[in-house]
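Here chain A shows up in two complexes: once beside chain B, once beside chain C.
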Partner chain A sequence: MRVNWRLTLLSYTFLAPALILLAVFTFYPLAYGSYLGFTEYGGARFAQGLPPRWVGLDNFRTLAADDLFRTSLLNSVKYLLVVPALQLASLAVASLVNNSLPGMAFFRAAYYVPVVTSISLAAVMWEWVYNKDGTLNWVLGALHLLPATGAFGWLNNEGSAFWAVMLVTFWRGFGYYMVLYLAGLQNIPAELEEAAVLDGANAWQRFWRITVPLMKPTILLCSLLSTIAALRVLEEVLVLTNGGPLNSTYTALMYVYFKAFQGFNFDYGLASAAGLVVAVVALALSVANFRLFRDSSGENS
Partner chain B sequence: MSAVTQAPPRSVPQRRFRAKAAKRAGRYVLLVVILLFAVFPFLWTLAIALTDKRAGGSIYDFPASLFPKGLTLLNFQQVYQTFGLGQYVWNSISITAMTIVGTLVVSALAAYPLARFRFPGRDLIFAVIVATLVLPGETTFIVNTLTLQKLHLLGTHLGVVVPTVAGAFGIFLMRQAFLSIPQALLEAARLDGASELTILTRIMLPLTRPSLAALAIFTLVGSWNAYFWPMLVLSAAPDKVPLSVAVLKLKGQFNYDPFNIAAGSLIMMLPVLLVFLAAQRLFMRGLEGGVK
Partner chain C sequence: MKRSLTALTLALGLCAAASAQAQTTEITFWTWYLSPKFDPYIKDTIAAFEKANPTIKVKWFDKQASMVQDFVASVNLGNAPDVVNLNIDETAKAAQNGFLRPVDALTSPATLKATYYPQSLKNFTVNGKVYGYPWYGSLNEGVLLYNPDLLKQAGVSAPKNMTEMLNLVKTIKDKTGAYAWVPALKDPGGASFMGYFFSDGLAVYDAAGKAAFNSPAHVALLQRYVDLFKGGYLPEDALRKEAFQLATELYPQNKVAMIVGGPQALNRIKDTNPGLYAKTVVTTAPLGKAGVQTGTSMGLVIPTASKQAAAAAKFAAFFANNANQVAFAKIVPIIPTTSAAQNDPFFKTSSADPIAKATSLVGASGRFINPGFKTPGNSDDLYKNFSDNIEAALLGKKTAKAALDDTVTYWNANMSK
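Showing the complex of A and B:
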């Protein structure tokens, strides 16, 4: 290829703002943050203007011995339970709205509204739903699913707070994945469905034998996205429970944030190390997700 | 006679029709149940925000609080005045406007050479931008706040905006749009002696207005709703926080008034809701593009 230097210079001039910003605010923090994970930095050291001090694996040893970190990592992993629920529900809802009954456009749009709701607003609204005197208890009481004395604050109870927060994640996510699945569903040729109907396949069989196999790429994409999002959950717990009660909703990224920015002893080194652990787990889960879906699609082909 | 012979064939389709209608009704019941799950919190917040609290009563008085007796806009006025919401509205507008302008400029500039020129390093740069989508950035917010502090941007709106404007999504979107413009148009402009910057601003951008609008709308919603990053950057500048952060602060105030908070939350949601209603097709299609 003959290089046109004028054009090359021009191209790089146009690309410069994006490249500089990406370098400074994405790649540099990735590299420097990883380095910080192996150093002592923050607190008094930072206040005195001293540079990070290399401590090798010390931070990771500290993390391994820290009950709070283990709890937080475990909670983050436990949070992955939202993934299958979210994916199954959004795929089912997508199938439900994937036809041209009157009013369907309205339902699709309405289901998407939680996606464009900010977490702050979601926090305000859901706290009223979860309140001891809130709507959830009222509905459960009206349906006689809850004894009159059984009303409690869903977010203040050690046993329920985790699930209550997860339901908000579910609420904010299902419209998003529904749209992704809807796009996938509309790519499925109608003839396939029709042929299956002629062959006497019922709706359930058609769903499992046609829809799910053909949707595998979309399912992979969506579960990958929601796995990583679930592992990194931070805002929901921050605004709804602040990690409580009794650390039952304390997640790994919350640990990173609190170690780095809360209290008097900003510990950037330890926080970065914790961030690295979460990043490694996220990468491993992505790889596992890929493997899982590639292997199972290999069986079908 | 004829009625008797005709009766059986009529009843079969009728039964089938009835089964179909029942199935359809069942489907709508399901749709409405999911609808309630999706929008109930909004409806309740709306009801609380519009309730005339002077009549007394608690928000937790079911089902009465879902159907307020007296409607009023007083709560909106009150929350706006007593909490000085105007300041936060301005903060949100300032941060969001800067983010949109920055994102559009940076994305369009970067996308143009990536879409239309061949130059050494292009594929590598493209790969690097793709990589940002998959790299786990759990520690970036720590280092970025340190960087902002060094640049004296911590606690400023610019500090919230600058790290967020260069993103793969915007660059991809604009690159796709630029790829669809016919080459002949560019050649003609070049023959007329137009510079590349002129071609970008006078030909490419006007022709890709729908994509620019889409990017602007997505950025608006994301930036207006953002909570964690602005909260972090502006933690030492409480006067500069956007609505998304301020609304949660209202909740912590000791003169906690749920009616006012509901009104404040809706003031915050309103722009996004309007944009969404106006551009919902675009939202759905923009996402669908990610799958195909």
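Showing the complex of A and C:
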């Protein structure tokens, strides 16, 4: 087949603006960051105007020997537990608000509010909830689920802080995924539901047999986004616990952040290396996500 | 003919512009968290300097949270500022990594010694060289502010020293439900608990400069706080928030009886609870067994990358001189680090207003400004390790002895320079 040069050239001309922007702001930083992971480039070299120095795998050895990095990576992986809970809940709620009942628009908007709430505002609110004299203890006390003397600061306790922060991530992400699922649900033809109703399927069966299989592509997209987001969680931790208590909420991205931005003692080399490790984990998990959802959809068809 | 005339005029004009350029030097000045509150003071001081030095123009910017990041980026981009406001810790870090010029090479050491308290200069000395003009300071102990109602309810009088203070903690909490005070147990990016060692006359380093804060006396001091913390006599949130921030949050709600710190705490209380502000009693701070204050100060530094070091040094020395520091202290209760300030009549006036009283109590005490220990090389990693270990001891994961032993081992293995 003859290549139509004119057409190819034209296509690339149209693509060029986006490609150039991507190259400058995404590909180049990505490549340079990966390169830095194999170099020594800290405050002292930087101040003297020296370029990064190639050190091979030294940074990765330092990381492997660093207890704090191991803890942080483990915490980040543990943080993935939020993904299935978040996806299932937002899918379920999306199918509830998909009904065209009066007032549904209000609920859709209400669930979306946390997504557009600034994190600093959310932090203040959740502080009030988790405080020793806060709402959560008050509610639990009123329901007699907590003994009168059992009130404790949810963010100050090694056992609870991690889950408390995770709940904030859940709260923040919920509305976002719900909207994505809602968009997916609107594409499911109403006839399928009607046919199932005629066949005598109850609501639960309809959800599992019709909604979930047809939503596979959306589920894949959402869980992929959610996995990567969970692995990169940073803001919630910074504003709520700053990694404590006892580093129980210290995540891998926090490690990267602090190494790269700890004032004049910054270590771009080590931070980039840590970032690369996180990226590799994210990539592996994405592949796993694809496998998981592609295989089962294959069975169904 | 006409065209050549135009060209000539243009060329002459360019020459004139170029020569005017050569006569004035423009320097860039970065402050830290001072705008917009202190705009008039800073602008007036800059104007006074420009009037006295017509050849130097000063361009002022105020930096906030991104100060250090912006500094690093500006060095990379080749447009570094000429005078920068950093605190003691950041100055040490910047100097250790080679970002700063020694200022004793720009201003004669004799002048520096005549202007500033010896300890103030020592605070900015790294490896034998002075790296900053000491600027406004604050004391950690500073003054003691207390809520007289809560103390009366507990049946105690204000503590005169830290031993009395630690003995009051249980009584106040048991009788009033309010915490006695919020000690600085842990802070992000710092090692404030070290100050308690210094206050009690316990050394942080040994003679050879190695970390040595794990003697039985150090352990006993930490144990004291551990016992109080475990008994619920110190606020849990002190592990998550800066003590000063937490104290100014709790005090207006009557949840803490005393604040030990700089008079700046009063500004916040005045805003949030004017009634309590009027009642608040200000007195001298309780000190540790060594009878010393700890404190910190800001400095003005000159980056290595500055292209106008001489003009920059002139400006920094002017900005941090005695007259300008005392003028600053009249606006906000800071402590001048210039030795002439201790004789200034402004700090000898007495007043019934809590802020004015606190200012006169601390204003002349700049010679006490001392963090209590030298910033170690690689301080971020070391401080994090120290904070983690203090936290482990307070939460009962380690004994006080193990926590301090572990920290000392880590410090001596990872301290650079």
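Throughout what follows, the second predicted complex is superposed on the first by the 275 of 301 C-alpha atoms of A that agree within 3 Å, B and C clash if a C-alpha of one lies under 4 Å from a C-alpha of the other, contacts with A are read in each partner's own complex, and residues count from 1 in each chain.
In this text, contacts are C-beta pairs under 8 Å (C-beta built on N, C-alpha and C of every residue); 3 or more make two chains touch, one makes a residue touch a chain.
None of the values given here were measured: they were computed from a predicted structure.
J.: Once chain A of both complexes is superposed, is A:69 in touch with chain B (first), chain C (second), both, or neither?
T.: neither
J.: Answer with first, second, both or neither: which of chain B and chain C does A:130 touch in the superposed model?
T.: A:130 contacts neither chain B nor chain C.
J.: By residue count, which of the two partners contacts chain A more extensively, chain B or chain C?
T.: Counted on chain A, the partner with more touching residues turns out to be B.
J.: When the two structures are overlaid on chain A, which partner does A:183 contact: first (chain B), second (chain C), both, or neither?
T.: In the superposed model, A:183 contacts chain B only, not chain C.
J.: Would you sort A:162 into first (chain B), second (chain C), both or neither based on which partner it touches?
T.: Neither partner.
J.: With the two complexes superposed on chain A, say which partner A:154 touches: chain B (first), chain C (second), both, or neither.
T.: neither
J.: Answer with first, second, both or neither: which of chain B and chain C does A:265 touch in the superposed model?
T.: The answer is second: A:265 touches chain C but not chain B.
J.: Touch check for A:256: first (chain B), second (chain C), both, or neither?
T.: After superposition on chain A, A:256 lies in contact with chain B alone.
J.: Report, in rising order, the residues of chain A that make contact with chain B in one complex and with chain C in the other.
T.: Shared contact residues on chain A: 131, 261.
J.: Across the complex, what residues on chain C touch chain A?
T.: 68-69, 72, 75-76, 90, 93-94, 96-99, 188-189, 236-237, 239-240, 304, 378-381, 384, 388, 391-392, 395, 397
J.: Under the definition above, what is the set of chain A residues touching chain B in their complex?
T.: Chain A residues touching chain B: 1, 3-4, 7-8, 10-12, 14-15, 17-19, 21-22, 24-30, 32-34, 36-37, 93, 96-97, 101, 103, 107-114, 116-129, 131, 133-135, 138, 171, 175-176, 179-180, 182-184, 186-187, 217-218, 221, 228, 232, 234-235, 238-239, 253, 256-257, 260-261, 268, 271-272, 275-276, 278-279, 282-283, 286.
J.: Spell out the part of chain A that touches chain C in their complex, as residue ranges.
T.: 42-44, 46-48, 68, 131-132, 152-153, 155-156, 158, 241-242, 244-247, 258, 261-266
J.: Okay, in this complex, where on chain B does chain A touch?
T.: 24, 27-28, 30-31, 34-35, 37-42, 44-45, 48, 58-60, 62-63, 105-107, 109-110, 112-114, 117-120, 122, 125, 128-129, 132, 134-147, 162-163, 165-166, 171, 196, 200, 221, 224-228, 232, 235, 243-245, 247-248, 251, 258, 261-262, 265, 268-269, 272-273, 276-277, 280, 283-284, 287-288, 290-292
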